[in-house]
């Protein structure tokens, strides 16, 4: 028989105004096992907690029921208080009489009655609670960063700086990510390459960091502190160690007609290539889809010209198995596919481009060498229309996104401003729904574009773009003037919405990390734990969690690193205490539970038992790895014999709650 | 067939290939056979029977037999092989201790159906082709076999053996059975009618546990209903709820594991059509998640240990035809 | 004159800790009302809900049982609600087959952000069960007062 | 001897039912079962019912007491109620004999008031068998199916039902019904008895060996190696015990209703693995011991304590119902046959 | 309606003594403060906590105690675990007495007595020992051999040391299974200790303890020359009714609850060994 104390919180008037707290305390005081009850204005306050602690000591309580706000608010607070008073923290149960009672009901009588029932259920549960101790598991002091963009780079550098080993897995031949494709950065207009490439070099030179470029995560097993990751190193047909990055092969390769993805297909590269001059690792890669040698077995030019003998046409995908304590997801974003946006004629005219393409066109290392030229005819555009929110902030049902892509307003302002600065004769229109510029020096930046550079900002949406006689007829509405506009533009730049990289969804499945409906990784808490996934040991860096600009990405990347460092700095981790456990004498060894466990926490072993019929038998029984189990309970229902149960939410505890509620 | 089977049993015992033979032993009358472990060829010769009343599914005994020393030979009818295979899938049987002999089955007869025809005081029964010659205290009767075919055999799902070490006779086919017809009939009733139907059936339950103890899927070391710590232990149909609860939970525990062998209904002393409950689950699984036959494929994931992101919602079950 | 007492159903709601319980909290935070008949039991995941809990609730006097979990695909444990969905689909179909009113059981996916949906769902469910009246078909007379 | 034409039997049943509760076997789609009489029900002529008649005196589930628990306090509530008078109409000789077997357990000191209460309020009208089954073997235990005991003995012959009171209760019942009954001689009855006995004589199990089951042979039977073979197919269900008219083992359990505790007793079965399970020990640890217990009890232990009265009445229900067709007849033949 | 044996009476636990880590002794009286009923040594009573269960316990106190009844209970199952968690003032239900008890007024009278107990096995013997002490003149010399796993596991240690050991005509021989620093008495298992002590065969012996202890002590005593009809034991029980009706506690044709729990070994010999 437990000795239970009941503590009813008024939460000021939040509870007390709708629930007769005194009546609740008194009614619950009559329940079996309840030896103490009281009510107080703020149980979560220092004073309130002291009341709990004192009662536990004075009345030798073995369990406590707190009738208060949601356990999601203060369960930990009260558990800590109970532990401080000397009882196991899992002997505390919360009856949620605020969010799920006083706040939703108006009638004091029925709310009070319900509060009593909820309290009774909690008491019934405490009667069956048992002290729980969380297990411990060791931590592998190495982190994996998935994605080598600025987010991954920053996180890796910070973690390495703290003295831990980091591996970066990047699916492209080079790290650098989207930032490497950007020309200038807002609001300071410094050159992206100038600030990014030194960091890439730092990564390459950091002894603690290994880069697995042109690689992908193939499988993830294990759990926080003890992940086992299999990394697929895709065959690049070039020996990374031997290749000096001289680039001779990329000049000699006879296959010249390969769309250059670094320049978004605006120009061509060879079948063997180094994405860009500052690539890290600076190693050539053969594009198997285009290489004549690999496709037909005839060519071999690159092999002949390579002095280092680095070319290896027989190279196969290889797998690296590595252990990590923490995994950082930094898979980044992509602009959405605009093919469906027929009204903007993206597929119809090469002069309708995305903002990222615009970046390449204005970049000195880009297809035009930095001169703003129309892709169609290589002429200088005289009239440019920028369209914002293409695919962003759409109502559900369209092919776009419901969310704001956040960065478009600023980069469009940047593009408009840079265009006007370099080519003052060019007329620039920007169509917008709203201009959102919250951020340090952002609004000033935008105002400069309008006020100093004379960019025409028009509030309104573009209805249609139609290519006509080498021009792009833009029909738009000016909502402020209330009139229809027809602009004969030379170039239309679409600020495409951004979305998580395609690789994120399968990766999330491997990591058992949750995602929202837009495929952005969800945070453990949207406000208080923004850089962690709910799945322990998985951390989020950069745009995989939501749209961000560079400074924000870097800030989050560093925050993420701090969290990883915090984890890796520990020698041991405390596990979840509410884990599944199997009663060996009841287990049939049928493996049903094993099949539904999302964490692979259940394994089987053959053990010798003394049976009730006094014989000895070797039986196959399940055992749960408490370090891996996250306590979902899927196995407990799968188990027909009832051998599997869950600490903290046992069959009997839940049924006791059911009984108390239905009584 | 009995002759062939007896010879096989004797051969297996004589050759030392097996130490025991699990089969059916003759009873006092023609129909009351007892599953039996035959230890000697002589015993087989004397009392081993296989006929229209050898209905018992012997596969469950293999759980216990697998724990003993030596090898046991077992004779399995097609539907019994499904149970055997399912038990193996659940790691309940030591495969190397079992020598499984598949035997053909023309459908088993239900003594209760004979009795329901008003045939009483049965002394002997003789199988003659498609007919049974029944001699009773009150005279002789001739009955067509098909009229006393057990329900499960009249709606036989398969005459194919899914697993065996050797096969006697011809291999059969998976059949297109009408076993879901009665479920459909019930589904078409109103909720009230169905409730009345099941109240009438389940209220007769005496909780003798015959259905559970004979069921080849119910091989738990200790059943939740016997386990005082489970919180739902119960021994008697102390209320109509207990009757429902026992049968619902039992059926749920064998979802995706029940091979529809029909033993539960065969043994029920109260004649409750328990197989209908299990069969309803099977029908739903087939309809909702694609055809699945427990015991058929050892590598297939059972419906409740599997899912698809596109699975139907619980509420959708009733949307059809409304 | 006879005053008919209004039937107040007992409703048990099993809510997963991560989505639906938070959704219920949110509906409280937003002061969205739903009847006091609904009593919530917190479970780690919808896949923790054993059919025997549901039957137990009916035995002990519940008139309706609703299970709320994360939307499919959003399970905190990745796959829990998929299993729960199959289990409940089969169980509820079986209850219907045995002649238990199908409207007494329900599964609803409620995210942590759907406070309004939680309240609306509960209002609707309570109304439905109230219309059905007392649970007679799965009751245990021993548990009646 | 009184009699009534079978065509007037419905009126007789109505008349009894008007006076007190009436239970009788009626035909259902799954065979005959005892049920409370409702207008229009007709008496089943089947040899026997699926369930035995012990339910009337020793029901499967029975509330014994209720408890209110508040804090450390407990209040005991006696839930016993005086049973209403009732008539069991049409019990067969074997079932009637089973009441004697049960009486010796439940009416022995200290008396079981639940049982006694029901027993005292009952009047048993026993019907002689006319069409026994192959599974019947009451004659092996000296029971005459043609001469059933009970408060009233009844026979069907020549289109009439005949009644003979055996006890005061029987007299009372018949005299209350005298308006419907005619006085008759017993000639037809004697003929019917003869017919029944002739059929009984042809039954395959009519002479099962009983003479070996003497108390002094207790240990010999207990240690018989045949138990192993006999018990090996037993699936440990409770069918035989639950359909048995004389099995009387019970369990006492508490049920928490949410508003108090109900203590009830229910049938238990010595065939169940948890029957003798204790916290840390189990004296009958395999099915062999449990199987042996049941048959030893019927054939040796019970007679040893009851002047040789066997604990089996040969109703044959277990023969018809056992999932594996293992039964007391086979056991008796194996153990008591010529060795 | 007449009294029903299976419907219990209320008892109140007025005192709980902690004997060993897993044995507590409960003092039970009726609501009006009296002893629940009269009994003879070796008899048992059914205690229950409604909702938890009912179980049979031997009555530890002697019939000569007219004020209350005591039960020494080891924590091993559902009911006992619950009893170990209660506090004084707790109501329980009680019914009894059950069983035959020791033949203190017949076979034991005038005899030298040898009591051999192991662990919680002392519980039923304490009743008869104290009975013999109370009617000292009716019995001869009393030897008590008592052993347990450790010193802490000796039940009633204070009463043994403070009362039994100090009485004339009573020899108490204590032993524990393994060496312990604070223990200066005998170390070793009970059966061996009994053999070492070599008792006269004119005694009547009563054994109670774990099956293994019984088995070896019995053999030892027989070796010394004791006959089976001189040795008694009391059996542990599995039962629901206590009155020979529920059908589980029989050994052959004898019911432990009615015909036992006290048996002489020559009687047991004629019964199946299902205990």
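Note that the chains take the letters A, B, C, D and E in the order they are written out, and that residue 1 is the start of every chain.
As a convention for this text, a residue touches a chain if its C-beta (ideal position, glycine included) is under 8 Å from a C-beta of that chain, and two chains touch if they have at least 3 such contacts.
In this text the structure is predicted, and so the values were computed from the model without any measurement.
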Comparison of A-D and A-E (more C-beta pairs in contact): A-D
Chain ID, smallest distance between chain and overall C-alpha centroids: C
Distance from subunit E to subunit D - Cα centre to Cα centre, in angstrom: 39
Subunit A and subunit B, separation of their C-alpha mean positions in angstrom: 52
Subunit A-subunit C separation of Cα centroids, rounded to whole Å: 32
Overlap residues in subunit E, where contacts from two or more other chains coincide: 78, 86-87
Multi-chain contact sites of subunit B, meaning residues that touch two or more partners: 224, 232, 238, 304-306
For subunit C, residues contacting two or more additional chains: 51-52, 56, 59-61, 73, 79, 83, 87, 142-143
Complex contacts: residues of subunit C adjacent to subunit B: 51-52, 55-56, 58-59, 72-73, 79, 82-83, 85-102, 105-107, 137-142
Of subunit D, residues touching subunit A in the complex: 69-71, 256, 258-259, 273, 277, 282, 285-286
Subunit E-facing residues of subunit D, complex: 64-65, 67, 69, 72-76, 78, 80, 82, 105-106, 108, 110-114, 117, 215, 218-219, 222, 248-252, 254, 256, 261, 263, 265, 268, 270, 275-281, 283-284, 289, 293, 296-297, 300-302, 304-305
Subunit D residues within the subunit C interface of the complex: 255, 257-259, 262
Subunit C residues within the subunit A interface of the complex: 10, 12, 18, 21-22, 24-29, 31-34, 36, 39-45, 47-53, 56-57, 59-62, 73-80, 83, 87, 119, 143
